């Protein structure tokens, strides 16, 4: 079993905000991350799949295929967008990295399953160089 | 003459948009950077000052003083903010890195002049790891 | 279960030295790391906790709380210090990264337990960009 | 149990090419990676071993010993070489990162076993900053 | 005058070799860089242009235009190629970074001049993270 | 004229301390950097020389020669050392980066002059990823 990873990036705006709470409660809990007029990040996304290398190619998965799936399913929906307002799969959800990484797993798992025997292993999402989250599908 | 540099960072949202142009013209020129609902970045700011080391301290400038000035004058005004909407010194200006770096120079030069004999030499601003601008005050 | 990580850094001096051994034996085993007058590093510390995102906040843990705990419990005790001489929790212990990372786990686990249902998952400590250690509490 | 890692690098040329296939099939599957005249990379290799710290040294393994083994067994055979043509342990194998990382594991495991009670845990190989593979020996 | 920079990358094989010299002389001068079967690198290319920001766009140059020119003129000719064998503009020249950076300047200066009033200022080429060259056109 | 740069690193302990001042004055000016028991850093040193590429080699300077000079003159004297106590060329001087970079220039200029027509252009010294100094010899 070999694990292979591909890093992609996107730039997006977001805001941490619970619509069931008052503005004061949001400010108190989320601090500057609740800024009414949004803020943003350069996100780095690392997708890891695992499987046995194909004897004919030496590949667990063709990285071009993996890259294309990530770009089509995730990057095109998030890059230069507002995560709270512009991204269909985040509607009605908190725009935190924890929630985002679970949704990214769900979309990639769905898109990769018909294409490859390799299985999704890990999603890592860097919000900044100093803050990042991991999700393993469970 | 020794040059000493300090790196600080801020996260912000922005949008490239010329209010004198139609929506179509903005889309055509700025592409996804004109996204109506904003996008954002982790900006890295490197400030360089030059001067002769003080014989008593070995310092061109006390980096704590430099860091405090950068934080007070620049980071507190930009971090977790919308550059177009929330930042007084960017009102009525294009929110491009080129314009931002000129304004950062102006504010830092003003704030540092009374504090030190060291002179501001360069401002470098990274919008992403792959795009950055430099300004030398002229 | 989502894993969330926060990176902090500190600068410190240390020396690898076993007081039960002769100077020669120390030199032989630890080489330049035994230098009598110390040497030092920019350490990078990555702390990972795991848990389920809170439905109201989208957070596994408030990163501000996590950052504050790391700073108070670990960074303030190690930054700009001599690990062998100045750090109470390292007294009588070898100042290697392997020992340091176990002690950091112990202190953070103790400090985080009363504050959060999220559990400490991993401590990673970079001594240099090329040397690092991980500890998972067992 | 503490995990300790050492990063080393090498520069090498390679080509993805299945000799049982036509030139056209190779181009179709491997794209520019099949370029007849080779291409190359700065590879980064991270080797992780795990074990209990020795009470006399605080070491899981002497990093100088680990570094020397990696350099002698792996780096000297790969650095400034052509992976397809010059590297004995890759003869008759696909020069993909997936295959390379398995062979590196085999050689390091063999070389480290007689020297230390620490066990090899993970091999990570970066082909570029954006593409990397991991192998855990099974 | 603002300076704006764009980073692009390419992977290539090369060999340092003077065809007027004996194999022995080449080995003596270039060491492992003369390896007959090539070696390779992940090159990072940073292109800096300078000019005055356009009042309508805030741009010194549209970075999309700059990126497209770099990709068309330079990256497509070098990426996944053998610098000695596959690259027309390097025929009959030493495949060192010093020579490469001069040729890159020549091609980019020629391609950018008709497109923009901004002038090429600097080309930086990283062969590895530790070795890089700069050229300013004179 | 091409500029070529080589990065090397060293780990060292130091302390900012003016022996003509009281302990209180030192604490006041240098803060935690005055810690009596030292602290330390992973320093990164980038040395840039400039010259015309030799037509036979394509080299401004043989990077192996440059690397060897930097290691012999600078790294061996600073690595795993105490800058205040162990380094002959820093005796009686403030152990700040500003002073260190001037001394490094002096030693390298002296060592390189008889070996090459290339001239030393810049010394950059990173104390941390966020603090660095440059010196151009004047």
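Per-chain residue numbering starts at 1, and chain names A, B, C, D, E and F are given in the order in which the chains are listed.
The rule is short, and it goes like this: contacts are C-beta pairs under 8 Å (C-beta built on N, C-alpha and C of every residue); 3 or more make two chains touch, one makes a residue touch a chain.
What you see is a predicted model; the values in this text were computed from it and never measured.
Among the remaining chains, those touching subunit A as well as subunit D are C.
Mostly identical positions are employed by subunit C and subunit F in their mutual contact, as over half of the interface residue numbers are shared between these two copies.
Bringing subunit D onto subunit F by least-squares fit of CA atoms involves turning it by 180°, to the nearest 5. For B-F, the matching interface among the pairs D-E, C-F or A-D, defined by over half of the contact pairs being the same residue numbers, is A-D.
Subunit B and subunit D have Cα centroids separated by 42 Å. Averaged C-alpha coordinates put the centre of subunit C at 29 Å from the centre of subunit D. Chain geometry summary: the mean Cα position of subunit B and that of subunit C are 34 Å apart.
In subunit A, the residues touching two or more other chains are 129.
Here the touching chains pair up as A-B, A-C, A-D, B-E, B-F, C-D, C-F, D-E, E-F. If you check the complex, the residues on subunit E that touch subunit D are 9, 11-14, 32-33, 35, 37-42, 79-82, 85-86, 128-129. The touching residues of subunit E, when paired with subunit B in their complex, are 1-8, 48, 53, 56-60, 62-64.
By the touch criterion given at the top, residues 16, 18, 20-21, 29-31, 93-99, 101-102, 129-136, 138 of subunit F touch subunit B in their complex.
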